[in-house]
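Everything on this sheet refers to the single structure shown next.
Should a chain be cited, it is by its letter among A, B, C, D, E and F, assigned in written order, with residues numbered from 1 in that chain.
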Amino acid sequence: MRIDDREKNQLRSVRITRNFIKHAEGSVLIEVGDTKVICTATVDEKVPPFLKGEGKGWVTAEYSMLPRATGNRNIREAAKGKQSGRTLEIQRLIGRALRSVVDLEALGERTVWLDCDVIQADGGTRTASITGAFVALADAMQGLVEEKKIKTIPIVDYLAATSVGLVDGEILLDLAFVEDSSAAVDMNIVITGKGNIVEVQGTGEENPFSEEEFLQLYKLAKEGVKELINIQKEALGELKILSKGE
Amino acid sequence: MRIDDREKNQLRSVRITRNFIKHAEGSVLIEVGDTKVICTATVDEKVPPFLKGEGKGWVTAEYSMLPRATGNRNIREAAKGKQSGRTLEIQRLIGRALRSVVDLEALGERTVWLDCDVIQADGGTRTASITGAFVALADAMQGLVEEKKIKTIPIVDYLAATSVGLVDGEILLDLAFVEDSSAAVDMNIVITGKGNIVEVQGTGEENPFSEEEFLQLYKLAKEGVKELINIQKEALGELKILSKGE
Amino acid sequence: MRIDDREKNQLRSVRITRNFIKHAEGSVLIEVGDTKVICTATVDEKVPPFLKGEGKGWVTAEYSMLPRATGNRNIREAAKGKQSGRTLEIQRLIGRALRSVVDLEALGERTVWLDCDVIQADGGTRTASITGAFVALADAMQGLVEEKKIKTIPIVDYLAATSVGLVDGEILLDLAFVEDSSAAVDMNIVITGKGNIVEVQGTGEENPFSEEEFLQLYKLAKEGVKELINIQKEALGELKILSKGE
Amino acid sequence: MRIDDREKNQLRSVRITRNFIKHAEGSVLIEVGDTKVICTATVDEKVPPFLKGEGKGWVTAEYSMLPRATGNRNIREAAKGKQSGRTLEIQRLIGRALRSVVDLEALGERTVWLDCDVIQADGGTRTASITGAFVALADAMQGLVEEKKIKTIPIVDYLAATSVGLVDGEILLDLAFVEDSSAAVDMNIVITGKGNIVEVQGTGEENPFSEEEFLQLYKLAKEGVKELINIQKEALGELKILSKGE
Amino acid sequence: MRIDDREKNQLRSVRITRNFIKHAEGSVLIEVGDTKVICTATVDEKVPPFLKGEGKGWVTAEYSMLPRATGNRNIREAAKGKQSGRTLEIQRLIGRALRSVVDLEALGERTVWLDCDVIQADGGTRTASITGAFVALADAMQGLVEEKKIKTIPIVDYLAATSVGLVDGEILLDLAFVEDSSAAVDMNIVITGKGNIVEVQGTGEENPFSEEEFLQLYKLAKEGVKELINIQKEALGELKILSKGE
Amino acid sequence: MRIDDREKNQLRSVRITRNFIKHAEGSVLIEVGDTKVICTATVDEKVPPFLKGEGKGWVTAEYSMLPRATGNRNIREAAKGKQSGRTLEIQRLIGRALRSVVDLEALGERTVWLDCDVIQADGGTRTASITGAFVALADAMQGLVEEKKIKTIPIVDYLAATSVGLVDGEILLDLAFVEDSSAAVDMNIVITGKGNIVEVQGTGEENPFSEEEFLQLYKLAKEGVKELINIQKEALGELKILSKGE
């Protein structure tokens, strides 16, 4: 049994609260166990310079943790004057992942900013960010439909992410912080509603892993994401983001 | 009547949730109307270089807003690579205000970091930060007492802050964002439980104000802070932060 | 008696030298006791982006101290690569104060930069900067009138600033550095020629102060500013900055 | 056939020149087709603060491209004043990958810096950096053995990396820049001499990919790395980096 | 005799390899003894803001050293977040020197960026950069002629640079690193094909030098540059950069 | 005749005011025509890390211009967040020049900071800074003697600097700004009291110059510096900085 009494293949409890911040076009508080992330989606009626006049939009993300989201206080990146490599890597991943399910032509010449701010961290902040940002994005897109700026929500598939790892010889789903810290292998995976892979990132820094472990990790992650997408669907409720049923 | 149906001398509804972030030594979600700030207190067993060996502690603050705390998205300061003058000014104010009620010798050679992160802004974020940070600080101090690192909570008085302003010729308490935006005069005031003034900052950028207005503003603010301190006391409940009654 | 033999309610000797730097549209050396600040006013025929096309101008300020303006050498901010919170706070104050007496529509779409560079510091550098910058601004405005870019000087009132403080239980005017260092309460106040308040900033970091002290401090400051404005008028001599008498 | 007449499963020609820079403890010019990277290994007899007194060493990497390594000139990161997210992500990957095959206890309290500077880029610069840095690291370790600072080379396995991708529906090995630019899926993989996986990073930003494609990509990459490790062994010649035969 | 068996007035062996980087409009590897610099010339069809609409072009340079170009590893300037004073000084010198022999009107409204990246340093990196950048510039100019963007190469004279110094009482040409380190006087000189001086920079930090030494240093440098220009001419071969014979 | 009615070989009027800033160990206002620089010398009882335990001291310089020292306002370097290449180059020159006449062993393990802040610029600010900083340095050294920290002033020779240039075919001494702007050749030279050369920097960016012009420029500069050193001696008056006569 795991420290929080979960089964090896069990997700932590997930709670998605929509409309969490009143100003944002889309906003979500996602809680995955004790990991809590505020995800907001902001619609900006401009595109970055490299896309000007291309007739398509852009989706980009920023990620941060409050200084005391973690057990020890982290120095605030704004005070240090620069974002760490870890932060930049995570926000690049979030943006890339979300873009993979957006029809940028259908979005039109506008940018969606996804801000993922971790207020409490307990492992899996980047995958919770992706899973939560998807819902915030859907809400912001629905807003554009309601304002009649676009006809249908330009999202082509559901999208969620989770982590898996090899901890003390066991393949575990959705690692909490203490599990993650002692994992020999750590893998984050982003998968769509149709079961296609958007991103696989597996690292065996302290312990290179075998092909067989690799395949088992992948299989477990796939099951986890399937559940997460069901939770997203429930949270989104009446909102049918995909024009054709799944 | 005001836009949110308040009386001129009425505070917005205030809610203080203690123990909001599980990792921090003290942590509070303070809600003043639609303004919501997470205040954490971190105890660091070190002092800054200028205090080394002086036998006293330090209290300092940092302030930030999530990019989408406001109606328009603000560029993230960590991404810009520097904190704005406004941010620095506010966090200097918060630190200075809280230090005024802490007995730094009694605190001992340690630093308390107060992080005030605005997750939703609707005016009065700096005064809500001070009011909330006071409670987070008290909880962190209580922790030190429980760990037997200090004997009693080294806080010498209660402390809260509010804003007042002159809006369309009316003196109003606790300005919401739309009121603040159209205020001719804007004043922030920090007062202790015993009624002493810690900080007064009044600005009439677009409209210098008379001595009489000044005195009325001050009087109204004083009443507001009195109420806020009562709310703090309720929130702190059993926790008696001052050794001798007030 | 005070360390420099002044009465409690006595300003230090003030000297204002106009046309101190030959290149600037307005320039002043202001000496308040041993505090010496060079204030220049630069007219720039542009406005910042947020004002473009609004038909009004802007007044902004920058503040700095030479590294050896003080008893110990300060690290040069240009070398550190950023301005301190103190610097940003002071220059925001100076700009805000001066804008309060300028008719920005009458100024037209141009920006006035007020650079206040402290070459020798002995307390009160921010208030000396405001008092001196006012004179430099008036000279620069007079230049615009002479170039026939505007018809009359777009200044609606005189403006000066001073500090007051509570030192060893005494309320003192115009604190020198040693007084300021030991002050329990420190208050800066900016007042116009007509006696209206533009800014009050009072801080009792180490010693919250009573309402009565607050009112006495304010009263003393008001007297001090009145004198400073007379000194400005003498310095400006023939230059009548206000179309209608005061 | 591919633009450079290669088979789908064919690596570009690889050339490894050892001792390329006279000052460095290990240095290699690795050429993979037209991609050319200078990899140096510097031994520093210190460890970073977080490892002090732990009795183990550290391996870290930095990555950069000359401004004109690419078709268009890139702004120099030193001139911009910060490293891009892409740079930080790549150098974190290189460091992590190389650490996975070093016995840090056996290395002792010292740091090896691996600098990978791309002088000409044509796709696959991060994987070429890893493959080349391994050889530079081996040479630097051999130097420590010769200086009798350590007894044997503390490397536990060979290590190389390559990229694979899905381009116009075809699974291709070792993508050149034009292939990489039009790839629907791009995967980098780092594998050891014993066939264990150290890192898998697959991205289908514009086109999520199926499980079957994923497995084919992985299989092809594995074959590519096997060849690269043979080329490393030839380049290292007499130098037997692993105490026991492979 | 000198440490590398050279005569006092003897240059180190110089090798210039053209077309070293395939992407750049001009690119050279220059080797002066063990000093090796990659010089690329990039043509950018824009001019900096201060030249817009002036009908003339610009030539500018950037300089850097790989971290391990030297005996001890230097911290990477991109990682530090700023270029050192030494780097800025050198790249200003290179740009200024090259501009002195370019007819900027004839170049037209375009900028040539000269990037000089030292991959191995053994003294004289700035002078080798100038000598090599000249050849890269000539090649880039020839490219513009071939593309029929300009009629003739807009270079008015050859240009090369070398160092001389006073070491242990001897006047030496083309100092290697160990000589440079112990030189009492160090002089860099940039001279044209017609024998005119573009830049003289002589420094006697630890030992002010006499007029006579100064003149001897200058004379020796002049001879050295003459030889370097002959080597440039050989390297450029068929390419006649100057319309009229020299 | 020159624009200010000077002869070709005539310096502008030079005024040196000692003890200009009350806090500094040495401080000078140097006026060379309309160029005005405040030079302060600060004694710091520490040496930089590279000199620790070497038994010798250090002399270093910083240079800046007030934003409105010039005809157009320059952006403040502290606001930009970095010092320009020009600033770094000049302050390196000033530090190097002054170190050449200081006996660093005799100075002992302390650092002298020379801050040169240009309050009004009209050409020749770097040479005026050197000439003025020498006097501030001498005063600070005298202070150390008086405090009995050292026995005699550890300065081995006088030192001053001036500029010469080739303007409209004429060789001119001590260029004012308008002359400098149109100079084909510009040379700065730093010479000691005994007539030895410390630094020569000559640039013919727009017009390479002949050997003959070079020698004439040098000769004129030498005469100019001789006069400047006489002015320094007068300014220093009773203070005999060199133990043995010159």
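Here, a contact is a pair of C-beta atoms (placed from the backbone, for glycine too) under 8 Å apart; a residue touches a chain by one contact, two chains touch by 3 or more.
Heads up on the chains, UniProt names are A, B, C, D, E, F = Ribonuclease PH.
Owing to the predicted nature of the structure, the values given are computational and were not obtained by experimental measurement.
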> To get from chain A to chain C along touching chains, fewest steps?
Replying inline: 2
>> Shared numbers divided by all numbers used: is that above or below half for chain A and chain B, i.e. same or different?
In response: same
> Where centres are the averaged C-alpha coordinates, which chain has the largest centre distance to chain D?
Replying inline: C
>> Centroid of chain A to centroid of chain D, CA atoms only: how many Å?
In response: 29
>> Distance between chain D and chain E based on Cα centroids, please, to the nearest Å.
In response: 33
> Approximately how many whole Å separate the CA-defined centres of chain D and chain F?
Replying inline: 51
>> If a residue has to touch 2 or more other chains to count, which residues of chain E qualify?
In response: 81-82
>> Ring order, please: chain A first, chain D next, then the rest.
In response: A, D, E, F, C, B
> Which chain F residues qualify as touching chain C in the complex?
Replying inline: 21-24, 27, 34, 38, 40, 42, 44, 62, 64, 66-71, 73, 76-83, 87, 113, 115, 117, 119-121
> Within the complex, which stretch of chain B touches chain C?
Replying inline: 82, 84-86, 88-89, 91-92, 96, 99-101, 157, 187, 191-192, 194-211, 214, 218, 222
